[in-house]
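In the two complexes that follow, chain A is the common piece, with chain B as its partner first and chain C second.
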Partner chain A sequence: MNAPDAAFATTKAALIVDVWVDLFAAGLARSGALGNGLPVVLTDTLRVLPLLESQGPIGWIHTSPRHYQDHVLIAHGQPAPRLRVDAAQQPADASQMLRRASLCLVAVPAERDSAVAMAALAAKALQARASLLLFGMPQAGGWGAFDGLVRQGALQPVEAGGARVLASAGLAGALGDAGLHDADRAVALASQLTRARQADIHVERMDHAQLKLRLRIDPVLLAAAGSPTLAHHIAHEGRALFNSRGLGAMLLPWGAPCQARLLLRNVRARIDGSQIALGGQSLSPLAVDYTEHGAFLKLALPAVAPGRDALLHLSLPRDAVPNDGFCDIGAAEFTVETA
Partner chain B sequence: MMDLSSTTPSTFAPSGLAAPRCLVVTFNRLVPADQGNSRRIMQLVRLYKNQGYEVDLLYHNEEGFDPALSHALAGEFARVNVVRSRAPKHIQPGHVCRIVDWYDRGLDAAARDMHRLRGYNVVHVNYVWYSPLFEQFGSDVVKVLDTHDVFGERRAKYTAAGMKPQWFSTSYADEDVALRRADAALAIQKEEAAELAARGHRNILYLPYVEPALRPFKPRGGDRPLTFGYLGSGNDWNILSMAEFLSKMQARGVPFPHPIVVAGGVCRHVRDGTGVIKLGFVQELHTFYDAIDIALNPMVGGTGLKIKTVEPLCYGKPVLTTLPGAQGLTHLWQMPMFDDNAALTDYLFDHFGRAGGSSALEELTASAATTRQALDAEYDGQVDRLASWLASRV
Partner chain C sequence: MLSNADPGVRPAPAMAAGGRRRLYVFSPLPPQRNGLADYIVEYLPMLAEDFDLSLVAEVGRSGAAAAQFPGSPFEVLDEAAFLARQPERGAQVLYNVGNNGDCAYMLDHLHRFPGVVVVHDVSLFYMHQVALQMERSNGMFNHWVRDTGYEVPADFVARDGSLGRTPGLLYQECLMVRRIAESARGLMLHSRYAESRFRGGAFDIPLGAENGRPLARIPHFVLPPAPPAWDAYQVLQRFGIDTNDILLLVPGFLTGNKMLYEVLVAFSRACTGHPRLKLLFAGEERADEYAVSERIRQLWPDGDGPKVTGYLDARELDILLGRADLSFVLRYPTYGETSGILPRAVMGGGRVVTVDIGSYPEFESPLIDHVSIGAGLVDQLHASIESLCASMPKASDRAARRQVEAQRAESLSPRALYPRVRALLDAAWEAAP
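The block that comes next holds the complex of A and B.
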């Protein structure tokens, strides 16, 4: 591998660290290691960890404002708002959540101010004897804010390819020599989750520690409502709805570069001309297949840039939007290759 | 009843600390609260909020869910989860309902997940057949059961009145097990609290139903005739009561000189008669109460909450009620009460049988105001007791 290729591989490895964190944390939860405690994620961007969430509720604490409402599924019920606490607006709620945490996942941000706030929150989790796992790009500007915490919690570096990961001693021990990128663990977990019907994930080993993951997920778990009205309609109908003007947003699992296939239902005209954006980047579909079930939209999605929400925005052509109902995303599939 | 005398109130949420959290579980559509049980539940929600609690809702959807309700509930509660009801609700021969058949185990996982996420201090369920939900919470969570009614052998009250038993009725044994699951069980009437205590329960707390006063008690304007009124849903007790009352009125052979306005679902079952004006369903309660001067409650029996007796006092109107209609309130009642509808009609013709009757109305209004004060004082006292008990536990 030449130097530019190696640098690219390192960067990609860092960008897909969420995938490995999700795999590891879901495995921990599944093994019962978290007890009755809550897994809590500290982040400054909108993300989802679908595998960990398949094992039970997650508390999200945000150090930056967010403007979208997303949902979790309730057995035999209607979707409910995913609990995301704004640390600045609800500091007491954030503290209370951290006191009940058994695992605290910290997505180390690029921005220093956000990192300082996050480090203070992570210290509370440490006080509550939660296990800590810090992860992010090695060059993220926020790492410095965690120096004290790393010393205080005796956090240990963990092998994670191009990403930087530090973990409490107990977690580091559980990770073992393979570190975060344990392909055997990932394959075994995917098999268990699928067998237990807790998640529809297929993991294929490509070489030593490189995996290809294919996740099929209920799109309601990803639908992000930009207005309370749309959020209440999603809660009522239990569908990943676009609004009445054909605008929709969905969270991307992990924010890693991936291929996505989305089934758009109840569209009344061709949607090849839809406007699609991820962050500031406009995207065009790789293909649109029209079937009796709806239109399958195939997309090649780049990695979500650090510090940006993992939000895919879609704007359907007006003539594709019905006057008497909503379009929705009826199925979603994501394929990710780890570096 | 439990001894609450040794506890003292405390401040629940000092600044910087998260508010204590309460999970309320109900099958009722709470907004708009246009049924008695919904209003009772919202009374408790207000009570918890006034004590500094953040209140979440687990809605066991038996009365519908739509975007408007979702929006309204989001305004009332910090977090709302909705679970579709799949309770089998079998009724055994003899109208015996077993709690195990009426409780929906589908609630368990939702409640556990909510507790894991939110960490409740108090879980509050309504009706005895929801008490199995308490098993999902450890001893560190205070468990409050609002009984709404005594359901042990409730069917007997119907059969005694010649009616077919309705809704839920269980054995004393099943109800006793349910009550023992709670740290505190709220009785809505003093008599019910005494009845449950007499069955050996020591965790009973009496909390009457009172709503805030919305209209003052004031002299009647002379712009319309003196008007009597009855508001009730179309349940069997109301239909039977109103039929008996109107037949007693007609049996006098002399028309009553004042209009009687009837509103609510009971209208569909009320015979047309001279002086009876049927309004049907009223969108807002004040439109009914502003149109009458004296409320009537001719109940011949019934169970649980006597909202028709208390509600007029919120709108500045006196109430003339039979004794069954005043059950649970007799120790506070300053207005006349009547053994039955014969005595009620006698009173109406004696005091209002001729046009006018304003002096009798003035006396009734004054005693209604005194009753309201007594009710408020009792309610405040009982709220203090509940608050003190909660403070001692949370």
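The block that comes next holds the complex of A and C.
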């Protein structure tokens, strides 16, 4: 591997660190190591961790304003708002959530201001004896804000490829010598989740620590509503809806580059001309297959840049949107290769 | 960073050098038939000189809009592309808002991505109503109305929260501007009337630069008179206008509040004594608001009554305004519109009759006569027509009047007003938290 390729691989490894964090945290939750406590994620971007969420509720605390409403599924009920707290607007709620935390995952941001606020919140989790795991790009500008916390909590570095990860002693011990990128643990976990029907994930080992993950997920868990009216319809109908103009947004599981395959239903015309955008980039579909179930849209998605929401935005051609209903995403499949 | 060489990926355009900030403009855009599209187009060249300009069109309209501006120094984006770029430090947003359905899409963005709001109509009730109808969320309307500080009588509210009935007074009194004022980082209004009503609607929202919401009163621009059209004669012929006719004109969309019935009655009284009188409704009919063609057929069953032109482009309308001897620019009720049709009518050089309510008295010209709303309105309109017929101006007088109006309009041209627009944008940028 030449130097630019090695640098590229390192960067990619850092960008997809949330895949490994999700695998590890889901394994912890499944093993019962979190007890009755709540896993809490501190972040300044809009993300999801679908595998950890398959084990129960997660609390999200945001240090930047968020502009979308997303949902979780309640058994035999309508979708409910995902538990997200804006730390600036609801500091008491954030503190209360952190007091209940058993595990606190901290996505170290690029912005120092966000990082300072986040470090103060993480300190509260530490006081509540929650285990901490900090992860991010090694060059992220926010790391400096956590220096005190790292000393106070005696956080230990964990092997994580090109990413920087620090963890409480207990977590570091659970991670073992393989560190975060433990392919055996991931394969075993995927098998358990599938058997228990908690997640539809298939993990294939490609080489020593490289995996190919294929996740099929209920798109309602990913639909992000940009307006109260759309959020109302998603909750009411339990579908991952576009609005009446044909505009929709979808959270991506993890920030890794991936292949996505989406089933768009109730479209009334060809959708090849849809506008698709992710983090400032306009995308074209790799393929669109029209079937009796709807249109299957196949996309090659780039990595979500640090500091950006993992949100895919789509707008459908006007003639594809019905006058008497809504288009929706009926099925979603994502394929990710780790580095 | 990862390479963008992945298949299907097109990178966002690079920021221009020079440290200019990006300005996103939300507005109806050509080829939409909307006065707000015509309004914003006049400012685009100047905005593009000062900003990295991006126009954000409603979903499904960006392609048609982009085709209107080939080779222009700005881009036209779809809503999805705009959203994918957010949050974007160093960018400002401008919303060009009027009380119509073409602006409803902005409600999805205006509160999340605050910016400067140009408020063309003081009451935005209808726009909010249409927005919820489009989204099939009528049940949220009473909640929105309450949020704006207005209490709808229970008799009008259905059990699901939608409005079972919408009396006209609601459109006039429930302005629905409070939440927009609360979100805005800057506000532009066109008249003293609009400002006073807006302040009343946003009763508890602190306005002004000291509160992070600079407010500027900048009049609607007046375009210079259209150059003489080579095909003016053909256009007039097409609408049956002869040289000797005394032409009465009702310009613009034929909406329900333009007092069309009163004009018809006044005309029917006057034309018996003046066979040269012709009345032309120069605009697109909104039959669901007032079926003017149907009413003409009832009043003139022989087919010799006034004519309705249907939609006119700006050039054709200017030809007719330049020929009209008397134009009626009437509104009742008025929801605070400040469209440019009144100064445009005056620019034609003919006399103009308008109402003495809303913002209409604020535009002053010796060519304008004001009429009062009330029982005597038809008599006043009739008197205006009689007065015109009694003293028809000479063609040379008309040319002189046009020239005077054109000189007066120079201070209200888009280029003359633009520095005030730019100052508002800068003030809002500096006042932003």
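The working rule: the second predicted complex is superposed on the first by the 339 of 339 C-alpha atoms of A that agree within 3 Å, B and C clash if a C-alpha of one lies under 4 Å from a C-alpha of the other, contacts with A are read in each partner's own complex, and residues count from 1 in each chain.
The rule we apply is simple: a residue touches a chain if its C-beta (ideal position, glycine included) is under 8 Å from a C-beta of that chain, and two chains touch if they have at least 3 such contacts.
Values in this document were obtained by computation on a predicted structure and should not be read as measured data.
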item: When chain B and chain C are modelled together on chain A, clash or fit; value: fit
item: Partner chain in contact with A:T229 - chain B first, chain C second, else both or neither; value: both
item: First, second, both or neither for A:A260, with chain B first and chain C second; value: neither
item: Partner chain in contact with A:S244 - chain B first, chain C second, else both or neither; value: second
item: Arrangement angle, chain B at one end, chain C at the other, chain A at the vertex (C-alpha, nearest 10°); value: 70
item: Touched partner set for A:L314, first chain B, second chain C, both or neither; value: second
item: Chain B versus chain C as contact partner of A:G59, first or second or both or neither; value: first
item: Broader residue contact with chain A after superposition on the shared chain, chain B or chain C; value: C
item: Contacts of A:N36 with chain B and chain C, given as first, second, both or neither; value: first
item: Chain B and chain C, minimum CA distance [Å, superposed model]; value: 5
item: Intersection of chain A interface sets (partners chain B, chain C); value: 228-229, 232-233
item: Contacting residues of chain B [partner chain A, same complex]; value: 16-19, 61, 65-68, 70-71, 74, 79-84, 86, 106, 109-110, 113, 116-119
item: Residue ranges of chain A touching chain B (in the complex, touch as defined); value: 36, 38, 56-57, 59, 74-78, 80-81, 83, 91-93, 95-97, 100, 228-229, 232-233, 235-236
item: Chain C contact footprint on chain A (complex, rising order); value: 8, 11-12, 15, 64-65, 67, 226-230, 232-233, 243-247, 249, 257, 273, 275-286, 299-300, 302-303, 305, 311, 313-318, 321
item: Chain C to chain A touching residues, read off their complex; value: 1-4, 6-12, 58-63, 78-81, 83-87, 105, 107-109, 112-113, 132, 134-137, 140
